[in-house]
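Two complexes, one shared chain (chain A), two partners (chain B, chain C).
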Partner chain A sequence: MTDLFPVTALGDSAPRNARFGALTLSENAGLALASLALRKGQAAPAPFGLALPEVARAVTSGPHGAFWTGRGQWMIEAEGLAETDFAAALQGQAPGCAVTEQTDGWVAFEIASDTGAPLEALLARLVNIDPRTLGPGCCVRTGLEHMSVFVLRRSETRLAVIGMRSLAGSLWHALSQAARRLED
Partner chain B sequence: MLIPHPLLGLRDAQEFTYLGDAALMNRPDPDAPGAEAAFCDYVFLRDNPAGVHRELWYHEQGDRSWLVVTRNTLTHEILGAELASDVKAGAAQ
Partner chain C sequence: MTRLTGGLIDRTRPLHFTFNGTGYKGFEGDTLASALLANGVRLMGRSFKYHRPRGVLAAGSEEPNALVSLRDGARAEPNTRATVAELYDGLSARSQNHVGPLHRDLLALNDLLSPFFAAGFYYKTFMWPKAFWEKLYEPAIRKAAGLGELSMLPDPDAYDRGFLQCDLLVIGGGAAGLVAALTAGRAGAQVVLADEDFRLGGRLLMESDLLDGAPASDWVESVRAELASLSNVRIMTRTTVFGVFDHGIYGAVERVADHLPVPGDKVRQTLWRITAKRAVLAAGATERHIPFADNDRPGILLAGALRAYANRWATLPVAKAGDAVAIFTNGDDGHRTARDLLAKGAKLLGVIDSRAGARALGDYRVFSGAQVTGSKGRLGLTQIEITEGGKVSWHEVGALGVAGGWNPNLHLASHHRGRPEWDASLLAFVPGQGGPQGLIPAGAAAGKGGTAQALADGARAAQAALAELALTAPQIALPEALDAPAAQEAFWHVPGKKRAWVDFQNDVTVKDIKLAHQENMRPVEHLKRWTTLGMATDQGKTSNVSALAVMAELTGNSIPETGTTIFRPPYTPVSLGVLGGGDSGPHFRPHRLTPTHGWAEAQGAEFVEVGPWMRAQYFPQKGETHWRQSVDREVLAVRAGVGLCDVTTLGKVDVQGADAREFLNRLYANMMGTLKVGMVRYGLMLREDGHAYDDGTCARLAEDHYVVTTTTANAGLVFQRMEFARQCLWPELDVQLISTTDAWAQIAVAGPKSRELLGRIVDDFDLSNEAFPFMACAPLTICGGLRARLFRISFSGELAYEIAVPARYGHALMERLMKQGADLGVTPYGTETLGVLRIEKGHAAGAELNGQTTAQMLGLGRMVSAKKDSIGAVMSRREGLAADRRRLVGLKSVTPQEQVAAGSHLFTEGAAQTMQTDQGWVTSSCWSPHLKSYIALAYLEDGDSRQGEIVIAANPLEGRELRAEVVSAHFVDPEGGRLRD
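Coming up: the complex of A and B.
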C-alpha cells in the first residue's frame, strides 16, 4: 500500500499561520462545511440548535455555526469536524432538507486582530463592500481578486474568508499581501 | 455601476453576469398551436430599445439569485431591481 500523507489546502503538512503587524492569518483546516437548502414550501429546521439566520447574517452555537448563502439556503459549519462525515450528521438534524457535503470544496482562513480597525482597513483593500456594513454577525458573498468568497465577520476582532479550495494559494497570497502592506 | 439588490442592498455590477431581455422569462407553450412561430420569435427576435429596458441579471458572485433590473440603455441609469422569482410568482397569480 502506498504511504499517503494528509496535506492541507495549501499543500502543507500543518495549517499555515502568519502574523503581519496587528493581523494574524491562519488556515482553519478543521472547519467542516455542509450546505442546507429547503425544498419548496418547507419550514426551516433548527439543526444543532441553530436558529437559521436572516439575509446576510451568521449565527453560532457552541462549535456549530450557520450563515446565509441564498434564499432558503445556508452553509452550516462545525469547528474541528472536518475529518468526520458532517453532512450525514447534518442530514440527521434536518430531515427532508437538501444537504450537500462542502468541506472539501472550500478553504477557510481566519483573520484575527487586537482591535477592529485593522480588519476594516484590510476589508477595504480586498472587497468592494463597505466595511462599516459588515459588522459582527454579518456575512457576505462577494468577489475577491476575481475569486468568489464568503466573508464572515465572526466578531469585532475576528474575520473569516472562505474561498474555493483549488484557489487556496491565490487566496492566501491576496490576503497575506494586503495584510503585509497594511504594516507599512 | 451599482445594482440595488432587493435583499442585499447596493452591489457592484461586476458581481453580476448579464443575460438579456426579461421577456425571456415568458417561454411560449410548446403544445400550443403556432408554437413553432412563437419559439422562432422567442429564440431569435429581440427588441433593442433606446431607453428603459427590463433585463435579467444573475448575481453570480453573490447569492446566486436572478434579478429583473430596469435600466435606461441611453444613460445606464438603474431604475430598479426585483427578484426574478418574485416577478414570476406575481405573473402567475
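Coming up: the complex of A and C.
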C-alpha cells in the first residue's frame, strides 16, 4: 500500500458535491474505468457478467457497467474500485482482449434529480442531443462547451457526464453554472 | 396625455420611466414607443444622414426610426427599437445621433446641405488624397453620421446558449401560428412556438376584429392556456427566430431579462439552436408606406401601426388629445384603420385614397383619386397638403397613417437562397421556391393575411407538416372570423420634386434611387450598396419593395424582373454577446490542467497557455524580479543536480494488437519493428507529402503492447491520424488504440543526480546503467506499491528519466520527489527552462517541426528507412524535397549579449539581402546560461558544412542585423555521453 495520497480530478482531497435546486452534482472519484477492445475476429466476452451493449447503449450488472465507445470497443466501469488495479482485474475477465487502464483518464460527474424533467432541462443547456433519444440505458459521445464528453443516462433521474480528467475544472464550471441558472 | 379607452395595458400597474432625463408614466403592457406616444412625445430621434427629426413609423420589430439607447452605464445598449422595448419600472432611454438637445440638434445643418449629400456622395467626394481617408474623412463622417454609441465598458451580464429539438417549430404566435401550434400540439407532436413579442397573439392583438363574437384576445388566451397545459408544447415568447441554418437548425434569441431592470440571477439572453423536423413560418406581414414630399415627420406613420397603437395600446401619435388624424391609402386597408380610429373616438380628417371613386366604409370624408403631396411641422406633423383633382389644400392634422399595402414576412423562407415570387393580385412578393427544406409559410407570411384566411392557413400548414412526419393531425374548430376587404391599386409613390423618403433609417429618397438609375447602379444589389437602401438594423423591411417599384418604374422593367436582394440572417439584430453565448473571462474557453497544477500554483509558478493546456512556465523564487533570473537558475540546477518538470501534456497513445509492430513500422519513418520489449526508441513521423510531421518516443511494454508519445501540440492530431490509418488505410491489421494522455501523470526527472533521487522512491528496482540503460522502460512500483512506468529518456541532454503514475497521484509524487531531493538541490522547472535545455542540446520542437521542414533538414535524413515503406517515405524522396540543402545548425551570437531573434533570416556576410540570396531562417533562440551567450537553432543552406563561418541574421521588421557564428546544433555534450552515464 503506497503512502502517497491521491487528489481528485478537481485537485481536492475529497470529491466535490453541490446541490442546485432540484439537481445534485457529484464528482464520482471512486469510479474505476478500463477500456476493452476486441482483437480481430474475437467474440465479445462477458466480463463481470456484463452483456456488452450495442451502439449508444450502456448496461450495468451490480457494481459494474459497460458503455459502447466504438466498434468493438467499450468502457467498463466499476463503482468504488478506482484505487484498485481494475485494468488487471478486467484483463482477467476478458483474456486476449486489449484492455487499457482509463480510471484517471477521465472525470465522472453524476447528476441526479427527483424527476427526469430537470435533467432534461439541464441537457438542453449543455449538449445538442434530444433528451427523448437519451433515455435510460443510452449513452452518447458529444461536444459540451468545446469539450468531448460521454453522456450516460443511468436512469430516468440519473445522468453521468464523463469528460477528460485534465478538463475537470472547466467541465465542473460548465455543469454547475448551467445547473445554477436553472434554479428558480 | 393621449390615452384612449380600452387596450391591452394594465392600468392598475403604472410604470415609471425616463426619456432623455424626463420622467414619464406608462403601464404594464406598454412598449417604450407606445408609452412615449401616450405622453405626447412624438420626437424620438434624429435621422442617420440629414439629422431630420423622427418619430415612430411602425409598431413592431420593423421600426426604422425610433432607435434609442436603453439603460445606463455598462448596460447601455444603443440602437434599440423603442417599438419592441418592453416597458419596465425604472427604464431609462436616451435618443441618439444629435449634438445638443434632441429638439435643437446642431447637426440638423446637414439637412440644409442635403443637395451635397445625395447617394454616392462619399464615394465620389472623399477619393483623395488617399491618406486622408483613415485619418480625417472617416472619423469625421463617423462622428456626424452613425447611430448610437457603445458604453466602452465590459458587459456585466451573462448570456447563455441551449439546444432544442422538436417535430414542429412554429415561428410566430399570431392567428396562423396559434392554430398551427394547437393542431400539432393536439396531435401529440413536440412543438416549439416562438414569438418575438412578449405576448402571444401577433396582429390579432392589434385589430378590432371579433373572433367567435368576442375580442380576439379572449380566443388567444384560451389557446395559450391550452398550449401551456400540453407537456409536448413549449411556448417561447420574447423569442425571435432570426435565421435558418443547415440541416433544419433554426437560430433563436430569447430575451430572458431584457424586460427587467437588471437580470439578477438570470442571464440577459439565450441563444437557442432549434433542430426542427418541420417548421411553420407564421411571421405575419409588414406594411409599406407611400413616399411623398416630406413624409418623414414625427406623427406620420404606417396606418396599420396607427391602428395598433389605438387598439392595443390605447394611444394616438398626436401632439395633444383632440388633434385630427388622417389616413393616406391606396387600398381598402386604410379604410379599416379609419373605421377603427373612429370607433376609438379619434377625430378623423378623412381618408385620402389614391383610387378614383373610392368610398367610405363609415362616417368620414373620403378624398378619392387624391394624394398627400406635402407636410409641415418642424418637430412633428401639424399640416398635410392634399391634392385632389388638381386642387391643392392644406389641412391641420396631428397624425397621418399611410397604408401602401402589406409585404409578407418571407425573410426566413428566403434564407438558403430561396427566391421570393411576385404575386400580382396581392402586389407583393410571397415565399417562392428554393428556400429552406421543411419550412412551410402560412398566414400573412404566405400572403394569406385576412383573419379567417390566416386561421385556416395555419391549420393547413400544420396538417401538411404532420402528414410528412406521419402523424395524424386532428381537425380543430376554428373560431368564426371575417376577412377584411383588401382591394388595392398599384400606387407606389407620389411623384414630385421635393424629397420623398423611401428608407427612413438610411435617409434614402426617391431622388436617390433616380440618381442610382442615372448612374447605372440599376441591379438591386448595386442599388442597395450604392444608396445604402435596406441596410442597417431594419434591413429595409419597410422600404425595399417600394424602392424596387421605383426602380422598376425607371427602367421600365416589371417589379419581379427587378428582383429582390438576397435575404440573409439575422431577421432582426442579434447582439454579439448572445452569439458568443458563453463565458467571458477565465472560463472563455476550457483549460486543461496538469496533475501537478495545484502544486505548481502553490509554489507561485507563472503559467502559460500551450494550446488548451495551462503549463507552469517558470517558478519564481524570492528575490527574482525578472523571468530570466528564474529560468537561468532552473537551467543551471538541472545541469548541475536534478530538476522536475510535469510533462503530462505530451500525448500518449496505447497501442495493442498482434499487428501493433507492423502498424508502427508503417506509421513511423524510421525502423520501429526491431524495437525490443523494455526499450524506447525515438520516432519520426512524416506527413503524406514527405515533410516531417511529429516526433516522439515509442516504448514497447510487451510483445503486443506499445505506448507512443507525441508532442503536446499534435497529441490529438496524431491520435486522429493513427485512428485513420487503423480504420481506413490498414483495416486488415489487428490493432487497438486508445489515448492515455490524461490517465498518467508524467514527470521528467532530469540531471546528473536524477538516478540518485529516483533510487529513493522506487520499490526494489535496479536503476543501474547495466540493468536500466539509456532508452530503457519498465513497469515498476514506487513509494510502497504504487504502480508506475519508468522511461529512461532525455530531452535536456542530461541523465534523465520520465516517471508516470496514475494521474491522481501526480500531485503527491511531485511533493515526494521535492521532499526526497531536497539535499540534492532538486528544482522544479517550467516550459521556459525546458525550451532552453532542448535548444542547448539541439533537440527539435514545434518551431523546427513547423510543417515546412524535412527529415534531411533536421539532420535525420538517414532515419527515413529505405528497408520498409511508411507514410510519407516515398514522397520524401521526391526531387524537390530531397534537393533541399538547408540543414539544422546552431548559431552563436558574435556579441554574446545580443539575441539572434527567432524568425530572422540568414544571409552570407556582405551579400545583398533579397529573396534570392536568402539562405534560411532562425527557428528558436534563447540565452544559454551554460554558454553565457545567446544561442539559436536555424536552418541554413549547406549548414552541415559551414561550421565556423560568420553569417548575417537579419531582422528587417525591427531593423536589426546581427553577426552569428555557425556551430553545431548540439551546444551541450555533443557526444551524448551524459545521457548514457
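Quick note on the criterion: the second predicted complex is superposed on the first by the 178 of 184 C-alpha atoms of A that agree within 3 Å, B and C clash if a C-alpha of one lies under 4 Å from a C-alpha of the other, contacts with A are read in each partner's own complex, and residues count from 1 in each chain.
One rule holds in what follows: a contact is a pair of C-beta atoms (placed from the backbone, for glycine too) under 8 Å apart; a residue touches a chain by one contact, two chains touch by 3 or more.
As the structure is a computational prediction, the values presented were derived from the model and not from experiment.
A.B. asks: In the superposed arrangement, does A:A37 touch chain B (first), chain C (second), both or neither?
C.D. replies: In the superposition, A:A37 contacts chain C only.
A.B. asks: Taking the superposition as given, does A:E156 touch the first partner, chain B, the second, chain C, both, or neither?
C.D. replies: A:E156 sits against neither chain B nor chain C.
A.B. asks: Just chain B (first), just chain C (second), both, or neither: which does A:M164 touch?
C.D. replies: The second partner, chain C, only.
A.B. asks: I'd like to know which partner A:G143 touches here: chain B for first, chain C for second, both or neither.
C.D. replies: In the superposition, A:G143 touches chain B alone.
A.B. asks: Per the contact definition in the header, classify A:H173: touching chain B only (first), chain C only (second), both, or neither.
C.D. replies: second
A.B. asks: Which chain makes contact with more of the residues of chain A, chain B or else chain C?
C.D. replies: With both complexes superposed on chain A, more residues of chain A are touched by C.
A.B. asks: Identify the partner contact of A:E79: answer first if only chain B is touched, second if only chain C is, both if each is, neither if none is.
C.D. replies: The answer is neither, since A:E79 touches no partner chain.
A.B. asks: With the two structures laid over each other on chain A, which partner does A:A56 touch: chain B (first), chain C (second), both, or neither?
C.D. replies: First partner only, chain B.
A.B. asks: Who does A:N128 touch here: chain B (first), chain C (second), both, or neither?
C.D. replies: Once the two structures are laid over each other on A, A:N128 reaches both partners.
A.B. asks: Can you pull the chain A residues that chain B and chain C both touch?
C.D. replies: 128
A.B. asks: Residue numbers of chain A touching chain C in their complex, please.
C.D. replies: That would be residues 1-9, 11, 29, 35, 37-40, 73, 82, 85, 98, 100-106, 124-125, 127-130, 132, 145-147, 164-171, 173-174, 177-178, 180-181, 183 of chain A.
A.B. asks: Taking the complex as given, what residues does chain A use to touch chain B?
C.D. replies: Its residues touching chain B are 55-56, 68-71, 128, 133, 140-143, 148.
A.B. asks: Would you mind writing out the residues of chain B in touch with chain A in their complex?
C.D. replies: Interface residues on chain B, with respect to chain A: 7-9, 11-12, 14-15, 60-65, 83, 85.
A.B. asks: Would you mind writing out the residues of chain C in touch with chain A in their complex?
C.D. replies: Against chain A, the touching part of chain C is residues 158, 160-165, 190, 265-267, 273, 275, 582-583, 587, 589-595, 597-598, 612-613, 648, 654, 656-658, 733-734, 736, 738-745, 781-787, 805-809, 811-813, 816.
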